[in-house]
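Residue numbering begins at 1 within each chain, and the chains themselves are lettered A, B, C and D in the order written.
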């Protein structure tokens, strides 16, 4: 049946690509529109600001993507971020000499621990992710309040080297952007070119058969949440360093932005699907929204509605594009 | 033919009977009351207790239909925003001279419409899944509320309107009475009618349900619309309790409602859970918060306690599901 | 070094309330194809799940190449070189065929631990071609039909290049020609020294392939025979515990007037200008190669899928069917080809499963009447002879075949005129088969009109009054049961349009 | 003993915020001095709903007085009136609840004075002319909005006709949003000369952006901020000076006011007077529809005094 090949084919590559193109097209149009409204949008400086402000979101999104691919979700990242940020900041306050790298390491480790706890709950005690993370969200947030005793850590209490983490740059590229780029390269490779990476997809795509075919589902899940935690911890340090202030209510509700970035980026809540390239466009769209709405100088009272509307529009466009490609794939069978 | 005789009597097994999630909830419920009574001299006092219910029952009206949604395996995180929007619309209309009862009607219809929109989007764009759709509408609906009322507050409702949130009939808070009735209706709807049976069927296996002639899409639209409607009811009570409204009310209600439902033993993976559980957990969470408040535990600690309660109890429940018994 | 590569002694496995295996013994020589047969629920699948470590036995020992081994999880069996094709496809819908085939034992670059996609895709394509598949290795799994997925499962087992390959009803959703491909491969594997355990309800499989056959009944070991030293009757007796005089009941039916007329039905990508008629009391066989479009066609008639062109007439008047419930209102019933995904709610008991398609029957204006429900369930479960302890047994606890019977029972709740059966005997044992055929004949006699999709020549020939053959979405031949023959059907199913 | 000496409750806007923590500190101090029991409550999130629940709980405990920094001026009315009906003395502090739902309000500083002095401040900093913008908290925040009203009134004076208020932006008291809003201001209005941020998070975020972009001297910054948060930016000269009152004193004054209400010294009517511990004699005055007790003028923080305050709050 040689000539039958390429019929009945839903080539995963093409679909995903076309879907992302749809989203990218959407972004381009949006950008053009914004540019018309405010010429300072597509300036080097603004783009730099845009990406810098989106860096943290993008870090969290990679982790969240992997979590969602395994049919999970993590509502606790806002709280984890605050906790690791606060503890790191307090350490920096008491040991101003602490080297930035150690600070980053410390925050990441705290996040990792939080992630491991959640991973344990999800993988070992069959609690559903949404519940486990909802519960731990409260716990971590509460701990942050308690540890900080309601006090903030302010700019003047942080060593300049620590603040330099977020403000400094190499060859004119801000550290945050560099960190984000490196992370993406690493995880792109990890997800697409390593066994463990593929196992994440397998587990999300069909947990039962993953078990039967001898994949260690629990360990994979655990790993995913641990990674999410570590990335969140890292983001916590970057956040605190960027804004030169650690509050106990830092990043409250930020998880929703992250989830939104993922779903706009074509990561399916049903699990099993989602690509780094797609995710990037999702993150980009949210970044643009956060950056441009103020620029557009629309009434503050319209911002939420516009943001919600655009997100909805974006996901719907994505869905429609995907449907079309599916159809095309089958029309091959006619004739 | 090798005819095997198929039993039609359910064998009553003590083990199955006692390993029911609701028993545990009941236990927690009783314990909480004992502890509270022990810790605060003001707690054990019918008047106080009845009063306490006023504090949390508005959310409970959302939890009831949310249970249906979660049994579907879906979720609705737009409810908080729906509360805000419907409440704002009511206030604005009333201040524009519309009679109060019409304004209230408008409030309910707004909720209805919000829910309906969610439902339609969800069935028309299955690949999006409920969480994505409602995530977007969550932002959208609240956004609209902001557009309508901007930074204003609106209120000045007629005196009788405060009865909803604050009134008593024969010493029983009106909201409690109404909730009791509503809860009963929902319990029957879920457990004793074909509607409820279909809800479970869809939650377990939507495809098989469709192949068996269940109108899955129609069911989903109905349930989400119902959720919107009940959310508006909650909005009425909240607004009445506050006497005025702003676009930023009821933030975070969605998670509270979801937590109540999940604690009630309804699995977010769909198909499982019972109404009794949900109702119990509503009172557990509510009275626990209230009791801790009475002894002035700091809100941070309350956060932690609620979080742990959620996790620990669900952990136990998943254990006794493992005891190899089906739930419904 | 024992002469057996795999040997199991006194294996016993109990599930809550069910003894699935009772002191079963089994021996497998290197380079032999060993058929494992038995009624539905006899314990075959459980038995192989013990070998592959999905379940652990309560008692008994397992010997591999003479040494006793403990197989705690699927990985252990993998390491020993045991691969399995499970009865119910265990695929990853969101991954490409290649990934499905190589999951767990991907080709990786020894230094960088990097996955070698090109190499894997190419190799996967080889397997697929070898199996005569009509899709590419980069296809997404969810784009395949059940049967196509089965082919991937087989490729998966091949790719593990194991010493022992277990196949649990691999042919149950394959057509004759595809089965031929499978036979070929199995033989070449055997000749290269691999041993194969082969579970099937199809006798032709066994005769064509197996050297030796072991029979289980009621979770007990019955016996082992060389294939050509045991007669068909004895084998059936061993399996079912009684004689089955004839599989296909006499078909002396009076065909009534035309009830269904399909004219020029078409759906882009699936099927085009389909026209046929169906008469009361008629059994219409619908056959063809995998992916011929039979399921899609029937599902379109049943209202699961839409169709772009054409008309459907019911008793002369045109009908509009947009949803299964419409079809059921009009008296059309459909038995889906994938009983687990489309037919049953596995977490539910029989009674609820059976009543689901007839909720209005067991309710008065919306209120359920559970007594009535149980009555109906009991009646129908007995009618199709389901093997269960009580009507409250969960569907997931039943064996493949018994699950199928429950789905049939579901159909009988609604009062139908037309019944469409998609692969009704897939994975069903001889006993159950003959039961289902009897039911079908009864129904036909009572005046029901029946469409039976099947890929199994014998039953198509044995049951049908009339036969339609589809190829690539078109009807390529129509013939009466009398004039039909294996050759004619195959010719119509395979022939290339110039 | 405590019972007899009375139980005084304070509900601040939200937990985990040094400003509120210090209000509580001051309140506790005052109650300690008068020998009563202080009940300090802080909701996890700054919402009216949470505060209503806390009021309910305090009513059940039959406390003698409730002092509250309202998250919403109107939404607390039913709950607070219920409390007053049960004989509980109710006062608001810091951010007022409407006159019907309180007996008296303890005002940190005259809103008018705050609004006007902020404008005067920025006027001085930018040397009398140029574009200015306001970065506020949420569009809902009651006292921010009143201050902004007063700023606009002040700007009407012809003295300011060279000063142009180009935009009021809202950072929702979120760091990230406040930063993007500030950046947006700088880009949309390239020759912006000054920013007024009457909110602690906003002003700190703005200070951060201005320091990072090294706009010292180009864009001036003032507003209301915590010394601890602003120390950095006052020392590095981004913000010449900014205002705030001492939250400890507000809490302290509220404590004594509550006490005065309970033991009948005052009823919240205009002209009532009482002595508030170290703060000395205080009088109830009429403002808008209700009565208030004024703490005093806002305190000015600049390079000179910031170091002694930055560790305090």
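Convention: a contact is a pair of C-beta atoms (placed from the backbone, for glycine too) under 8 Å apart; a residue touches a chain by one contact, two chains touch by 3 or more.
Source: prediction; values computed, not measured.
Chemist: Among the chains, which one keeps its Cα centre farthest from the Cα centre of chain C?
Modeler: Centroid comparison gives D as the farthest chain from chain C.
Chemist: Centroid of chain B to centroid of chain D, CA atoms only: how many Å?
Modeler: 36
Chemist: Determine the centre-to-centre distance between chain A and chain C, using the mean Cα coordinates as centres, and give it in whole Å.
Modeler: Centres of chain A and chain C (C-alpha means) sit 43 Å apart.
Chemist: Mind pulling the chain C residues that touch 2 or more other chains?
Modeler: none
Chemist: Could you tell me which residues belong to chain B and also touch two or more other chains?
Modeler: In chain B, the residues touching two or more other chains are 146, 150-151, 247, 298-300, 302-303.
Chemist: Could you check chain A for residues that touch two or more other chains and list them?
Modeler: 141, 145, 300-301
Chemist: Identify every two-chain combination in which the chains touch.
Modeler: Applying the touch rule to all chain pairs gives A-B, A-C, A-D, B-C, B-D.
Chemist: Using the touch definition from the top, list the residues of chain A that touch chain B in their complex.
Modeler: My answer: residues 73, 75, 121, 125-128, 130-132, 134-139, 141-143, 145-146, 256, 259-260, 263, 268-270, 299-309, 311-312, 315-316, 319, 322.
Chemist: Could you please specify the touching residues of chain C with respect to chain A in the complex?
Modeler: 52, 54, 73-75, 77-78, 86, 90-96, 99, 103-104, 106, 108, 113-115, 132, 134-136, 138-140, 142-144, 148, 268-270, 272, 291, 472-473
Chemist: Quick check on the complex: what are the chain C residues that touch chain B?
Modeler: The touching residues are 16, 240-242, 304, 323-325, 327-328, 334, 336, 341-350, 352, 356-357, 359-360, 363, 366-368, 374-375, 377-378, 381-382, 385-392, 394, 410, 414, 431, 435.
Chemist: In their shared complex, at which residues does chain B touch chain D?
Modeler: Where chain B meets chain D, its residues are 40, 42, 45, 48, 51-52, 54-56, 146, 150-151, 153, 155, 162, 165-166, 238, 241-252, 289-290, 293-294, 296, 298-300, 302-303.
Chemist: Which positions of chain B touch chain A when the two form their complex?
Modeler: Per the stated touch rule, the residues are 75, 121, 125, 127-129, 131-133, 135-144, 146-147, 150-151, 247, 255, 258-259, 262, 267-269, 298-304, 306-308, 310-311, 314-315, 318-319, 321-322.
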